[in-house]
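Both of the next two complexes hold chain A, though its partner changes from chain B to chain C.
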Partner chain A sequence: MTTHIAEGYNFAYLDERTKKMIRRALLKAVAIPGHQVPFGSREMPLAYGWGTGGIQVTAAVIGRDDVLKVIDQGSDDTTNAVNIRQFFTRTTGVRTTTRTREATLIQTRHRIPETPLVAGQVLVYQVPQPEPLYKLEPRRAETTKLHGAGEYGLMNVKLYEDLAQWGRIDESYEYPVKVDDRYVMSPSPIPSFDNPKMHRMPALQLFGAGREKRLYAIPPYTDVQSLDFEDHPFRIEPHGHACERCGDTASFLDEVAGTDGQVHWTCSDTDWCADRVDQGHAHG
Partner chain B sequence: MDEAAEPLLRVRGLSHRFAAARDERYAVQDADLDLFAGEVVAIVGESGSGKSTLLNCIAGRIAPTHGEVHYRDATGRWLDVHGLTERQQRVLARTEWGFVEQNASDGLRLDVSAGANIGERLMGQGERHYGRLRGTAERWMARVELDTGRIDDSPRAFSGGMRQRLQIARNLVTRPRLVLLDEPTSGLDVSVQAKLLDLIRMLTARMHLCALIVTHDLGVARLLAQRTLVMRHGRVVEQGLTDRVLDDPQHPYTQLLVSSVVMP
Partner chain C sequence: MYIAVKGGERAIEASRQLLAAARRGDVHVPALQAEQIEQQLGLLVGRVMAEASLYDPRLAALAIRQACGDAIEAAFLLRAYRTTLPRFAYSEPVDTDRMRVARRVSAIFKDLPGGQLLGPTFDYTQRLLELGALANGSLTADAAAGNAPPEHVPNALAQLAREGLVEPCLPSEGDPDPPDITRDPPVYPLPRTGWLQTLARADEGWVLGMGYSTQRGYAHTHPFAGDLRSGQVAVELVPDELDFPIEIGEIELTECQMVNQFVGSAEVAPVFTRGHGLVFGRGERKAIAMSLVDRALRAGEFGEDASSPAQHQEFALPQGDSVEASGFVQHLKLPHYVTFESELQMIRKLREDVHARAAKAAEGDLE
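And then the complex of A and B:
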């Protein structure tokens, strides 16, 4: 497929002043890990909920030498990922890739790649709701105060409630974390399976919420702890399944309904899966 | 100074005028008040007499136009309540103080279970052990005579009286030193009121609480409070031992108030 660079647009679509504004907000976000920084979110040529926050962050930090990877639910070839990748190809002309190792900049929705990220890489998350206290305290002014005073009893109320109602903490995704032992933060709707990957990650993690007009960040090698109770510590539930393509049991698996009425399990991270198949891990 | 002789709370020359009030009309004017540990004090008066405004000024929820509120904390330090930062005020409000709202739904989280409502202040103070939180919640439900089997039910499913009990448990679970109650029994029917008053009386006595109760019901003051203040048009017109104030009222307004109680 050949994609032409669209004429009449600035590099990465946004004008330079806007990119500067976003970068300023990002600097502040990096300086205060986990703290939500307001920014002047722009209208983007796609609807809220499709990654407008992530796209603006990517547009603000992308350079001509970057190699971009875009994933949606771990996959490089879903509609959202394809569209965003094409958008940046057309507005920047930068090289894109599906290989996690080759990418310098990765925009993601709902997953962290299985391949461990390294220093120098940047991971950009698309965030629908940046406020982890939102479901418990709908008033923005009040949650700002709670964050400011570090009053996070409320967050544990939610976890308590899950344990009381379900016998376990029922947050299979968007599981709240505490960053650098200070701010409670929403990790965006990634599965709780991915939470441990955020802890002391060598890559820079940036989060953008377009509709809510908030940015936040986790600098490299920062402590990120999932909230829990002493007698009910955070843990990842094993699937008890193996990927049907590569046989992996340790990666995050998607449940797929087959045309034969059977349920199939495959790696959610398509690059990881393909890598393993190439290395001869095909499922016997 | 002797511990018993030193008050817990000291209010001096407290006046408040709402910004929207016409001319020089004060909601509260020149209120002085000392509260001692283990003492229950009632503020009575008709609607609009400034009782709730005074209570809110004491609680730090309204910054008074004039006057000061000083509180002696657990370490014996005197704090100027309105000189504290908002953050310090909030810490005080969820550790050493309790506030029981007239409307239980204002003081409760209706979207989470009764157990979580009781546990919230404990979690806010850093309790991170689920088993202990649950144990404490059950003990407190029993103490306020709520069915412990309903620990996982939403307070939405509770009656008005049960909600008020839950609100009291939620406030007392961290053993505050000072509890402010704003008309805790109004809106409840008489038999439920009587039981709730009994409960409050028992708890304040057993926990050696210092409580300030705002009420328009002289019966509540009679039953709970050792001392009573009578307010009218924003001024404290009379104060003294409850029995003295109610049996031998000095101020004409108190006399009117006492004589207008309907006896069944």
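And then the complex of A and C:
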């Protein structure tokens, strides 16, 4: 696609005053890890639920020297990731990459890259529902009070009931975490497989929920604990398959129904997988 | 083995081209001009402007054409444009008593100052399809008969308000500086100024359904359409350089002042109360429904039992935003492979647990 910067629009689409408003909200979010900060979310030229929060955060923090990576489901080539990457190419002209290591700014939906992120990188999550308690208490006027008082009894009872009924916690994604031992936070709909990557991550993690008009953040090296009980600690269960491209058994795998009637497994993180293939790994 | 991991970019490009072709339709049929939409589909233009919170009939018409006539998609296009516009100033409150009314009816008095003026309405059309016009193509309209619209039509509730039978029309808490719901994140409970803004740009179907629910037993409000009017209203603002308002133009508005019987409570003496609806264009259906919902949402103010959806702000308001709802409902078609894979694994494990327990129980039975 030809890349020319869209005429008549400010760098990164939003006007500077709006960016400043968002950055102020982000500073507050970083200062209070895991706390949801209301912000004057703008109408974006992308549908609500498709990453309007993420692109507002990215637009507010992106600079001309940034190298941007956009992933959806771990892949740079899913249609919505392509669309968002093109949007920023058109409105900023910044360099984009699919390589996790090369990126300074990564916007993601539903995954954390397998390649460990490093200090100086920023990970922006698209968040459909920032309120971790919404299924238990839909009224935001009430959940605000519960967070304020650190009153998470509802959530503990929910997790306990899962254990009592199923013997396991019925949250395979969007598994709630506690940040810096204070706020219960939604990690966005990443698989619980990815939750441990948030703990003491050297990169800055920013979360944007456009429709719900909330931002939150986890500063680098912050404690992030998945909610659990002493006698039922949080754990990730191995899926027991290997990637058919790179042979990895430890990364998160997509399950693909093949035309041959067989089920195939490949890395969800396409950059991670390509990297391993380049290094000579292959399915055994 | 082949698993597609590339091709998103090319697929998107092809999809855009297909959409352009679908939008144009048969090229032997003349292309629609935005001006035709503006002139001949005025109610749709009004609806799109209302749900976009942007009064610009020409751009709304352009958006409608670009959206293949989908009202919500058109409102979305217009909102995405609106967000880039700077705010020059805030207007003075519009005075609907000074509306140049094209239509004004009151259901509570047979006749009243300013009179009953039907104006252009579907109400008495008998709804027979114009099959003849389909055959000969063109529509004609005779020059409308009638007098020039009156310049000042006092509100039908004014006299009752003077007698104290209808609550006075007082500025809500927070006036004259209401929150701007398109700039300030909502913090519930919203003040009335906030919920009226939310309803004014809410999906017409949602507001209609919520209003209708109050007529079917979910928070009955004993409504009477006191004053229903539509027409042109002057917009005025006071520029920094002047200390008096100047008129900058006119907008078409429809307003409904609903009168609601109220028998009084421990806090408030019996009095007729009000519900208010105000929308861009000739959105009469929405203005009426909005006034029902507005009154229902005032339950707390009158010490009424809030037991129905229309009385609960956090139910009646945020779910009614057409662009937000449309985006989030439709985001379900985006890939969810990762979350679904996580769920697959969870369900498999839960089933293994259940089967293991069943097998164990069966062994026990055999023993």
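The rule is simple: the second predicted complex is superposed on the first by the 283 of 284 C-alpha atoms of A that agree within 3 Å, B and C clash if a C-alpha of one lies under 4 Å from a C-alpha of the other, contacts with A are read in each partner's own complex, and residues count from 1 in each chain.
Keep this in mind: contacts are C-beta pairs under 8 Å (C-beta built on N, C-alpha and C of every residue); 3 or more make two chains touch, one makes a residue touch a chain.
Predicted model, so just to flag it, every value in this text is computed and none were measured.
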Chain B versus chain C, judged by how many residues of chain A each one touches: C
Partner chain in contact with A:S172 - chain B first, chain C second, else both or neither: second
Touching partner for A:P132 - first (chain B), second (chain C), both, neither: neither
First (chain B), second (chain C), both or neither touched by A:P187: neither
Partner chain(s) touched by A:P113 [first = chain B, second = chain C, both, neither]: neither
Chain A residues touching chain B - in the complex, by the definition given at the top: 136, 145, 148-149, 151-154, 156-158, 160-161, 163-165, 228-232
Chain C contact footprint on chain A (complex, rising order): 1, 9, 13, 15, 38-45, 47-50, 52, 72-75, 77-83, 86, 109-111, 128, 138-141, 166-168, 170, 172-174, 189-193, 211, 213-214, 237, 239, 244, 252-256, 258, 260, 262, 264, 266, 268, 270
Of all residues in chain C, those that touch chain A in their complex: 1, 3, 5-9, 11-13, 76, 79-80, 82-84, 86, 182-189, 314, 323-331, 334-339, 341-346, 349-350, 353
Complex contact set, residues of chain B against chain A: 86-87, 90-91, 94, 109, 111-113, 115-116, 119-125, 128-131, 133-134, 151-152
